[in-house]
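Note that chain A is present in both complexes that follow, paired respectively with chain B and with chain C.
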Partner chain A sequence: MALFAVFQTTYLLALLSLRTYESEVLSEPLPLTPESLKVSVNSTCQCLHLQWTVHSLAYHQELKMVFQIQISRFKTSNVIWVENYSTTVKQNQVLHWSWESELPLECAAHFIRMRSVVDDSRIPESGFWSNWSSWEEADAQNLLGHDPLFVFPKDKLVEEGSNVTICYVSRIHQDNISCYLEGVQIHGEQLDRSVTAFELKNVSFIRKKGTNVFCKMEQGGVLGGIVLFVSKVLQEPKDFSCETQDLKTLTCTWDPGSDTGLTKQPSQSYTLFESFSGKRTLCKHRNWCNWQVAQDSQETYNFTLLAENYLRKRSVSILFNLTQRVHPMTPYNLFPKNVGATNATMTWKVHSIGNNSTLLCQLELLTEEKVIQQHNVSIKVNGEYLLSELEPDTEYVARVRCAYTKHFWKWSEFISQKFNTAEAAPSEAPDVWRNMKMVSGHPTVSLFWKPLSKVHANGKILFYNVTVENLDKPSRLEVLSIPAPARSTELTLDQCSYQIHVTAHNSVGPSPASVIVVSGDPGNEEVEKGRVNGTEDGFSVSWKPQSGDATGYVVEWCDGPQDLPCVLQWKNLGPNTTSTVISSGAFRPGVRYNFRIYGISTKRMAHLLEKKAGYLEELAPSDNPQVVMSNLTSHSFTLSWKDYSTESQPGFIQGYHVYLKPKAGEQCHQAFEKTVLPEDSVCCKYTIDNPEQKTFVVENLQPESVYEFFVTPYTSVGEGPLDAFTKVTTPDEYSHILIRIILPMVFCVLIVMIICYLKSQWLKEKCYPDIPDPYKSSVLSLIKSKENPHLTIMNVNDCVPDAIEVINKPEGSKIQFLGTRKSLTETEFTKPAYLYLLPTEKNYSGPGPCICFENFTYNQAASDFASCGHFPVTPQAPPPQLGPLTSPENLLKALEQNYMNSLGEIPAGEANLNYVSQLASPTSGDKDSLPTNPPEPALCSEYKMQMAIPLGLASAPPRENSSLSSTTLLGQGEHCS
Partner chain B sequence: MKVLAAGVVPLLLVLHWKHGAGSPLPITPVNATCATRHPCHSNLMNQIKNQLAQLNSSAKALFILYYTAQGEPFPNNLDKLCSPNVTDFPPFHANGTEKARLVELYRIIAYLGASLGNITRDQKVLNPSAHSLHSKLNATADVMRGLLSNVLCRLCSKYHVAHVDVAYGPDTSGKDVFQKKKLGCQLLGKYKQVIAVVAQAF
Partner chain C sequence: MLACLCAVLWHLPAVPAHNRTGDPGPGPSIQKTYDLTRYLEHQLRSLAGTYLNYLGPPFNEPDFNPPRLGAETLPRATVNLEVWRSLNDRLRLTQNYEAYSHLLCYLRGLNRQAATAELRRSLAHFCTSLQGLLGSIAGVMAALGYPLPQPLPGTEPTWTPGPAHSDFLQKMDDFWLLKELQTWLWRSAKDFNRLKKKMQPPAAAVTLHLEAHGF
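Moving on, here comes the complex of A and B:
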């Protein structure tokens, strides 16, 4: 019984416990609390890593649960994050969850707790949260060292445009800590007593090696910092495509975009993944990658290109058929073959694609960078094509590209080859023209021709042949060969007519001949002259058709202005043409161009038809004529400018404007019109409308008035520049009469003055001689006639010269008579010798009063020397050799001849004979009246200076010994007479 | 160990490229014989003096080049970032015997050589475009290798010292970029200061 009771009790207890279990697990909500919660800090990603388990789960039981996680910062009550994490939980499973903190974890302690709830549909009443786990603390500050200042996060890598939070932890609690980014202070928020955070928003890329962010205490010399790395945002690869050149290798290319490489982060990598085959390859290059085509004839490919760096991944995919992505390789060995003047064969090769694949090749022919021919050729390996219709002697470029025929995807790159076609004979005759002129009386023809165009030359022109054929008499053909690039030649002809053939030759042969006929007549016939109007397109030249048959016309002109050498130009025109437009880039406004129109006869001879002149654009005259004023009267004057050339002006001169400024208040004459000049002055203008009238008479002027005139030509555009006016003053009305009287009078006076001047010496002698001649004095005649008819005048012979002092010159100087320069004697004197001029001893009256003259004119030294008191007159016998002078007549004759004009011819010092003093000698022809025995001198007077003495004032000359003779002394001696 | 791999080991390989290269310097008894592979230069001390003078003359330029390449705040905060506060730097006594000075010089150059190796490695990553700095660092390291060889030769030939215990600076490979820059700056500042004293002592 007891055993039964025990068994029954045990059974009931077991049943009760089973019942309890079922109620807990299946029917009643069970609180499954997270257990073994562990928190770890990952500084690299600034993450909190949580792991926990739920031990209460039954074996093999899987429940879907929700874990609510709370994160607090600094203290448990400061919850900053709550998140529900749903997952399926197995028994004994270690669950993981991570949370990335914006604030660097080193800057703050974090507290984490969680609770759970079953969120499984199999348990309908399972909405009860478990209890919270206990708080777990994650404090990275404990890992820091002992530095006073730390800045976090270290080596942070972020993308451009993102937000970053930086913080510092200060062990020394100071407020004066400032932080800087790129030299600019940043401001943050103090989170704790020792922690301050800075939020940098939308950071931008600065440099690959990062940016220093630092904080420093103002006191203490503490500085901490980090390096922030800002990466460019990884971009999705663009233009991703794959193609093959040989169906063996696929080449995929893309545009990688920006390089995101930094010191902290390598450049983004690229991985190519093919989904059908499941293969992948890491690309070695930034923008292309090769993929080996499988041998299992896979045709469709689905590629995914994955770009990734530390922060981001980007991918792009393409799906294609291999045969539709064939891009053939560039053809090779492109060569010309059998190149002729007009055709050539091109050959080339291509790289084969697969087996028996056909390529479509495009052959293009270019000249001067323009495609002129295009041909499509289908080939397998070797290509060949005959190019025709080529131009001789032309450089061509042939190029070939190919594409896969089965599915066109892309042309290959071009291969190019240059070649030149061969030369051919010129296809057209040169354009020839001539110019006839007379040179030294012989007709001379200048032949000009234009070089053949490249199209017609067909090669390099080597020379031109000029064949001259006399049409009037049979003669041998004359052939001239003129080497290129000459464009003209000159032929001297006679009066006959000649036919001239000109051909151009290249290495292959001659061109057709150009024929022209010339005659000996230069053809300066007078023809109609006209004007031609210039337009923007050129000169529109027209002419009257030539009467009779004309095979054509030629218009000839010079490209340059008239004053420059003529560059002859011509234009050939058809027989039915009577007008043309001559255009040239050389035409300039304001330049006159002359055109000549020739008609070409059936005999190939040219006849001048018309002459035209014109301006591309007429301009106003650039300068004014040089005006000459003439015929000035009191009422008119004439203006003329005959040297002004109307031909060389920048427009057709239509006439002239004569401007005249009248005197104030005067009205313009009837023929003039009143006009206002640019400087607001009023003047009168007269218009001459005849360009050839180059004189103008200005009339109706007022006498003694000032007028200003100015002449300027005018063209259809305007008149010449406004130059300065020329002033002219009209004379008095009677001034011309006065001029007729005064001028002859002035002339006569001048004549008289000239005569007086020329005869002044004569007049002097006549009117006021220096030493009056009594014989010539009119007083004498008066005295004679009125008082004493027997009155005579003392003759010069009355005064006998007494002595000549000869100075002995040791050098043996020659003694000369002044004036005659005749040698007196060769005798040398050792002492001063006195030359007695008296003919006899008895006539000598001994020492006594004498007349002494001193003439400063001749020798000042000598005159100083001269002193009457020291001038003894010693009677001595004259030396015999002085015989010729002993005769007083001879001596007087010599003296008379040389008086007045001899001394000046011999400079003092040169002559040995010094003329110390001089007496006025009677030079009249009264020699016969000279007394043979002159009276002895009775007076001695001292004569210092010669001067003219009026006759009335002159003392009466001494009768006996007045100075009527002169003596010349040689040397520097003294003189006395 | 990283410092050995990055800076010290290459240095030692160059310096001791002979039998047993790659192994740590053996600690031989003091009275052990010392043999050099090549005969020492006849004017060895002059060589050492010249090398020291060369290092001394270029130390300042290297220092300036370094802190300029690091960017702000380094050039304007040398006292805070580049002060020569290197605690474990080998000592040098200028008034010691020649042997003692040579031994201390050997330790200093070995220390500096290893640190320069670290700095050069770091700067090639952190400042890849600072070619002049790289060049200057390499040139300095080259001279140091020559100097170390000469000092060892002198110690061996004259004082029969076969080995010297050396110490190396802190490994920078695990440090953050800013700290690498700072440590390098401090080391070069210390180098500039020490090399002047050492050059003066010889």
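Moving on, here comes the complex of A and C:
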């Protein structure tokens, strides 16, 4: 009963209390005005932080309320933000609300007030706003110092692409403040007398050290600035995956993307979170992280990778089963074992995974970087596999990788090992060919062989053995060992047939022998010659099959041009083959290649079957023949170019074009065709379609005309280069007749001249006989014979001259002087003067007439030198003095010296040629001037000095003044009468 | 002449001992220090260009001359000419030593904050060279018998920005650090040139020797 009474009392009290509450809430408007509003400024985030309480709430009362917040800037009336903040309010609870300002808070004073309203469904009639709280001011400018200029926000970190508002506060109210973004001036909006704001839109990353924004006053050098750090947007990690190598540790990797690397912001951090276990780890590296696998046999994992920086967070998740993410470690200790020529055993080891786990290993064999064998082997720890079908003496690479057998996820990395197989004997006989020729009268065979391919050599070929066996008579085998890498040898044989074996040897043994039979008689087989066409693939050579027992064919050719030494090439072909394509990288267009086709008999002897010649590609002739022109007549001439070789041309010469330029206006002859040359000149062309015809007669020409000709060969591609034309002029039609007349006339003249020469003595006697010499007179001999010693011929020295005629004779007037006396008197220079050296008994009133003889048989120069005089010139003594000489002194001296010498060499008898002719008749002068005493030798005779002088002196051209004047001879003591 | 000889002999004890013993004296080391300052000038020219580009405009602009706001702790190289002339050798060397000690610390701080590896390499190389200059100055002071200035305990200069130190001001400090360093290198070149001339053997002694032969 007591318990009931207590319960009843409690119920009544509670009911009373409820009634009281209801009466309080519902009966009057709730005075739930926000109280104790405090505003603080956070410059780092540019946030206004508000906190307040609602004191009017009853104890334990919890109501949903809406707070309306107003924010004004600069002044209360300038409301810039209104926001309703809904929350559940308890009694005495301190409420918080933040607002981030776009404009840096330091640039403007902000005013905040709020009011509230109950928004609780339990109180239906509660929709009345409370009164506004009083304005609270948040002015960060008060915190600034006394600097004249500030720029905000300081060191803000933003993401690339965002918009940023910057402002400056100037303590000095000046208009001349300019602001710059990275050195470029920016313009803003003035918000207040001292505040200007700039809005930077879509900012971009410039450098890790931040973007500089600064303002400066033009006066005073005041400067303020900020650094805006622009971060690139954090990227989501890519390729996030986790795997394990040993089922103990998981390694998760990802691609972090780019990192801005700002100095203001550290690199983004990465956190690995596993949701099933709830464990978390902060990764030390930016692209991988290790996770220790728990021992509780957790198989499934759900990982979340969280990337974050100051501005953003990114995450990526994966869910997987541990055993499905096994990536085995790289195998190790891979070695070849028991390596033979064709097989080898490979062994290797793997790291174990868990207990008794099986790994699938893949063994690959490579040669020349190509996989040639692949084998799968299941192993636990140790692996072994026998590789077979290997090539001898070959380098191989074996490599192994393994994967988890239970759930294949990834192959491990490869481990590789190189090894070489051992050598084996060469597997194939060398390809041998021969070339027969006669050297010094002995048949000589040149043997050629091709080096064995690597596949057939099976090792390094050390030498070749050549065994020569005489088939005609039994003899000892001759074995030659030729060290590699020789590819040919030469054997001198006799007329017998020989069988030659060639084997290649390496370190293991010899190859099968290649057999060839040669005969000592090289033979000169005349075979069919043909042409072969070249294509891009090479020369398609075909031949007629040899009837009988051909065991094969060989096509032989030289790789190089004809003018180079032959690099013999050959190709072996089967017995049923009658065509092949010969290709070689050495083939060049415009080069003639000669192919010889041999048939191989059952006796291994080769017989020449055919010869072919061809060009890989024919070209136009590169040069023109040297044309010789002959048989030129007035109507024709012959052209020939017999030295032109058609064999060495870059194509098959099909013929020749003879170009002839006729004289102007002349038409082409019938056989010629009119053509236009590249330089637009018109000429006539004659085509010779026979390449062996190397002469051509150009006919039907006009006499005395100029023709130009030019000969060029042509191939199927075109003709030779256009060279210069050669000019030829046809002679006059009658010139040959003139020649027939002139030649005999010349001949006759020559005959006459020869006769004259032969009869010169006779002519001399007839035309100009010698002057008689008294010393040589026959009379003298008669006198001597009568032994009358007193009879002598009067010597010219004995005569005493009574007058000397001095003649000043200019050169060039000799003929005149000699021919016409009258001219002498007319010319002052040539007028003779007479000196009377000895007085005569009778007065001699004047000069007498002079007679001058001249002997033309003597040298003209000597005559000139001697001049005419009435005295003999004595050579023994030089003149004691020389008068004035106008000629060069040296010449004069030489002249004198030569003169003396020449006279000195003259025999005495000849020296006496200087004489006065005794035949000179004193009556030959002018009779009117004769002296009164006739016996006196009053008359003077003029002589030409007759002497022999050396040719050298004679040839010296006498100068006008070089002759000795008479005056210079006055010192001589001898006189002539 | 005799009076002159006596005067010179009277002043001989004032000449440092190394001049009389045939020891080359501090002359070569002063010359090397001078050469080192010229080399560092050249090296700084390249480094400053790179670093100011790293800071960005306006710091890399040639005519940028900001007020010296936050760089008050930097040792000032500029000094009144008369004051500079009146400095004695010891004070002159001490100022150089102290200045480069401080500047080296600041430079090492700069190196720690550099964001690129190439810049860190360049700064480290320059710091090594500057350390060499410091050692060279210490060598000259020791040769002249001057003690090295002892750093006051707890006054190790630092170059870490304080909380109120904005990044822009930090850049200004970096700018001023490089500028002061350059000015100090200029001043040091003048200092050591002056010292070098002063330490050259007096010409009067040579003259005296020649004249003695004349007697």
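Criterion: the second predicted complex is superposed on the first by the 709 of 977 C-alpha atoms of A that agree within 3 Å, B and C clash if a C-alpha of one lies under 4 Å from a C-alpha of the other, contacts with A are read in each partner's own complex, and residues count from 1 in each chain.
Everything below uses one rule, namely that a residue touches a chain if its C-beta (ideal position, glycine included) is under 8 Å from a C-beta of that chain, and two chains touch if they have at least 3 such contacts.
Note that the structure is predicted; figures quoted are calculated from it, not measured.
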Touched partner set for A:729, first chain B, second chain C, both or neither: neither
Counting only touches as set out at the top, which of chain B and chain C does A:182 meet: first, second, both, neither? both
Touching A:760 in the superposition: chain B (first), chain C (second), both, neither? neither
Counting only touches as set out at the top, which of chain B and chain C does A:206 meet: first, second, both, neither? second
Do chain B and chain C touch any of the same residues on chain A, and if so, which? 151, 154-155, 180, 182-183, 208-210, 212, 214, 221-227, 263-264
Touching residues of chain A toward chain B in the complex: what are they? 151, 154-155, 180, 182-183, 208-210, 212, 214, 216, 221-227, 263-264
Would you pull the chain B residues touching chain A in the complex into a rising list? 70-74, 77, 79-81, 125-129, 176-179, 181-182
Okay, in this complex, where on chain C does chain A touch? 54-59, 61, 65-67, 69, 113, 115-116, 166-168, 171
Could you list, by residue number, the parts of chain A that touch chain C in their complex? 151, 154-155, 180, 182-183, 206-212, 214, 221-227, 229, 261, 263-264
